[in-house]
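Each of the two complexes below includes chain A, the first together with chain B, the second together with chain C.
Our next item is the complex of A and B:
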């Protein structure tokens, strides 16, 4: 594969995963929702896109449908967070992620089961479009987090009691955080499907969730710029090793196995030496005269 | 009557934390709640503010029944409490903690972002100005942009009081607001609470306090709890001479002395 193609692939896949990581950062980094099943948004977004396109819809209506479905799914899943917090809820989301994947694997009528489903789409300048979507996702999360709404989310991250005592409807904030996170995750999944032009349940193993977790943790939770950096760094390891096999005297299989070791090592080093990530969360400084 | 509690009951397993407590908090007064450790003061606050479910009894706030409502609904009706153990948001700044407390913000509703854009900005600027003046009052202005997590215990108490002033509710429920705060500042803050909060804003204060000096300085009425029951009620002077109160405090002190010997 030529250098141009490699670079092209690297940029688009990194941009797509950056949106995916932003969606997790919005839920976990900003609102403290420990979601270990983030991949279900990716999966549902991708499959909605694929099914809509095979049903004859054009690209943008399909994309819109994928976002709507994922936003709604996020809204529904937030109900499980009502009386549950932290890692308990994390386990629930992990299970939901697997259930979603297994449904697509076993319900052959829905989207081809294990054989997967292909998308017949050809969008001009798709790479540019993906970058525009990434920039929009970044601006959206940033605008929300700079607002009073974002301030309440950051408070809820540390626990419900303070926000409740000040009259904030904490559950409603969590519902909205899950909905926005779902829409962003769905966007990433839909773009992923359209870019790859073929998806099957193997694309949505729980490992995908942990790769975006690695991006958020390494980049710096609660900081959207850090999340973008995290996405780039993790993708360098993840995608880079796939292409490095042409240049290194190691077999492809061994290298593929090694890349998870690299990513694990990276998380460990970050935790040990920069526990707040490479680009830590910044505080908002006001002028006080 | 601003707050009326009738026969309130709260059990933790076999422990009767509140065993049929009835009390009233009159409008525009300072009512103190005192009692030895474990007498049920904080539990009463937790039940009244909706943080703990009750086993029996009724709670009325401005003649409306509020028991069974969620804590945030109760707070939006104008009954706001502080916590004995600090609950400040430590990962945001002192100033943001105050901004958070401002009630009814348009900017907290996502769909209003675009249609109410200018209004939200104006609201935010107004709140900012108010927050800075409150920080000045609680002597935290120089720490405005510091993470709340970097404050000392006493400073966090001041911060929670600052949030309260920012929220500006009808009923201030303060759970030991002076613990760990230096005495000169306590006096300054209590004067402020009486003059500004009560006289000018017309708010009411319901306060849990261990320091008897503070109680006699600020309170119009004092209610004494012991083992989940109300044992006395009256002016600070009456309470200090009440035999039951003396007995319960002295009894505790004696056992405490025996323990330490």
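Our next item is the complex of A and C:
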């Protein structure tokens, strides 16, 4: 792999994961929804894209379809958040993520099962397009968080009681937050599938969820700029160490394991010593006239 | 076929119960879901591999040493990681435990590799018992788990320490006011929970094989057993494990035709049998349904007085 191609790959994969991390940050960082199954949006977005393209749709209609499906899935899954709090919901989402992957693995008619499905797409300047989408996702979350809607989400994050006392329908806000998070996660998944041109259920192990968690936690939850930094840091490390095996007397398999040990440690140490992340969220003070 | 299914269900239930026991106790006292708990089971299983295959100990001693070491490792994780997180809410320790689970899973993978491994024990065809085939390993598993459970019951009910454990789990502030050193109790709960998890990990690996992904494969079934029984209910987790063991093994043989056709109201399908590929999904679906409709568990948290 030449340097240019490597750089190209690195920038696109980082940009895609940045969108994915933004979608998690929107749910966990901004709305306080502990989603341990974030990969299901990535999975459903990727598969919708793949199925739509093999059905003969063009790139943009397929992308739109993927976003719509993921937004709807997010809306549906939000119903599970109605009567349960953080911990229980975390376990449920982890289970739902695995159920989704098992469905794609076992239903061969749907998208090839374990053999996966390939996407025949060729988009000119695809890398640039991905970067534009990342910028758009960033601006979207920023705009939402600057709006009154965003402020209510932050209130809900700190516990349902305050928002309820202000007469806000907490559940309806959670539904909207999950829908937006789903659309962003679906965007990441669809772009991932279009960039990789071939996906199978092995691309959507829960480990993907854990990697985006590392990005959000290390970067700084509740801060979109921090999340982008987190995505870059984790990806530099993740992609960079792939080449370390050429220089170190260590097998590829063992290196892959050590790489994950390091990511796990990064999550742990950040939570233990710097739970606000590298770029902490700025606290805003609103003056009431 | 039925006797065989019962044997298989009992084996599944036994290992789920022994691993779930520690999880339900920690969940109850420390108020967070420890996603690294099942990784303790894998670590225990590989420690037994270290003693058994690499140091040529016999299986019994290997399991004993591995369980004790896993128990100490559990105490160490509490001291080094979770002790500083008392009273910061449930999300921070939960996310930390997610990080810890990755460290442990891939730590095992880095040390012992990803290949499937076996203990150095004789694998015999087993005995015939009322039409079911049961291997010596499975007899051993059932015996060890039943002994461990009865021992735990006596510890909890008949000793001063057990009384302190129950008091801490019921109301930590009140226990402290009654001059119970709750930090010491918590440390002991970690030791028991982690060593039982290690024991359970050895059992699973002994019955099947060693695989670094084993902890992840059982994490949701274990949570399911814990939540079925009600968090903190140590007898509940045993019952939850039994329910799950039977449902998982029998679920793929039952024809759900009546349910799908709404008891004969419609005629949508002739037969509806869960495909065997979806067997791993059964606990996941039960868990989701359970948490949606009855998050406090099937058994109320009646821990006895």
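Just so it is clear, the second predicted complex is superposed on the first by the 279 of 289 C-alpha atoms of A that agree within 3 Å, B and C clash if a C-alpha of one lies under 4 Å from a C-alpha of the other, contacts with A are read in each partner's own complex, and residues count from 1 in each chain.
Here is the rule we go by: contacts are C-beta pairs under 8 Å (C-beta built on N, C-alpha and C of every residue); 3 or more make two chains touch, one makes a residue touch a chain.
Note that this is a predicted model, so its numbers are computed, not measured.
Participant: Is A:108 contacted by the first partner chain B, the second partner chain C, both or neither?
Facilitator: So A:108 meets neither chain B nor chain C here.
Participant: Where does A:143 make contact in the superposed view: on chain B (first), on chain C (second), on both, or on neither?
Facilitator: In the superposed model, A:143 contacts chain B only, not chain C.
Participant: Quick one: classify A:8 as touching chain B (first), chain C (second), both or neither.
Facilitator: neither
Participant: So, does A:263 touch the first partner chain B, the second partner chain C, both, or neither?
Facilitator: Once the two structures are laid over each other on A, A:263 reaches chain C alone.
Participant: Going by the contact rule set out at the top, does A:83 touch chain B (first), chain C (second), both, or neither?
Facilitator: A:83 sits against chain C, while chain B stays out of touch.
Participant: Kindly classify A:285 by the partners it touches after superposition: chain B alone (first), chain C alone (second), both, or neither?
Facilitator: Only chain B is touched by A:285; chain C is not.
Participant: For A:98, using the defined touch cut-off, is the partner it touches chain B, chain C, both, or neither? Pick first, second, both or neither.
Facilitator: Second partner only.
Participant: Look at the residues of chain A and decide whether chain B or chain C touches more of them.
Facilitator: Here the partner covering more residues of chain A is C.
Participant: Over in the complex, which chain C residues touch chain A? Could you list them?
Facilitator: 32-33, 81, 84-85, 88, 90-92, 94-96, 98-107, 109-110, 113-114, 216, 219-220, 223, 227, 275, 277-278, 280-281, 284-285, 287-288, 291-292, 295
Participant: Quick one: which bits of chain A touch chain B in the complex? Just the residue numbers, please.
Facilitator: Touching chain B from chain A are residues 143-144, 147-149, 151-152, 154-155, 157-159, 161-170, 176, 180, 222, 281, 283-286, 288.
Participant: Considering only the defined contacts, which chain B positions touch chain A in the complex?
Facilitator: Per the touch definition, chain B meets chain A at residues 49, 51, 70-73, 75-76, 80-83, 87-93, 95-96, 99-101, 103, 105-110, 113, 120, 124, 128, 132, 135, 141, 144-145, 147, 163, 167.
Participant: Can you tell me which positions in chain A touch chain C when the two form their complex?
Facilitator: Per the stated touch rule, the residues are 32, 34, 36, 80, 83-88, 90-92, 94-96, 98-99, 102, 105-106, 206-207, 210, 213-214, 217, 253-254, 257-261, 263-268, 271-272, 275.
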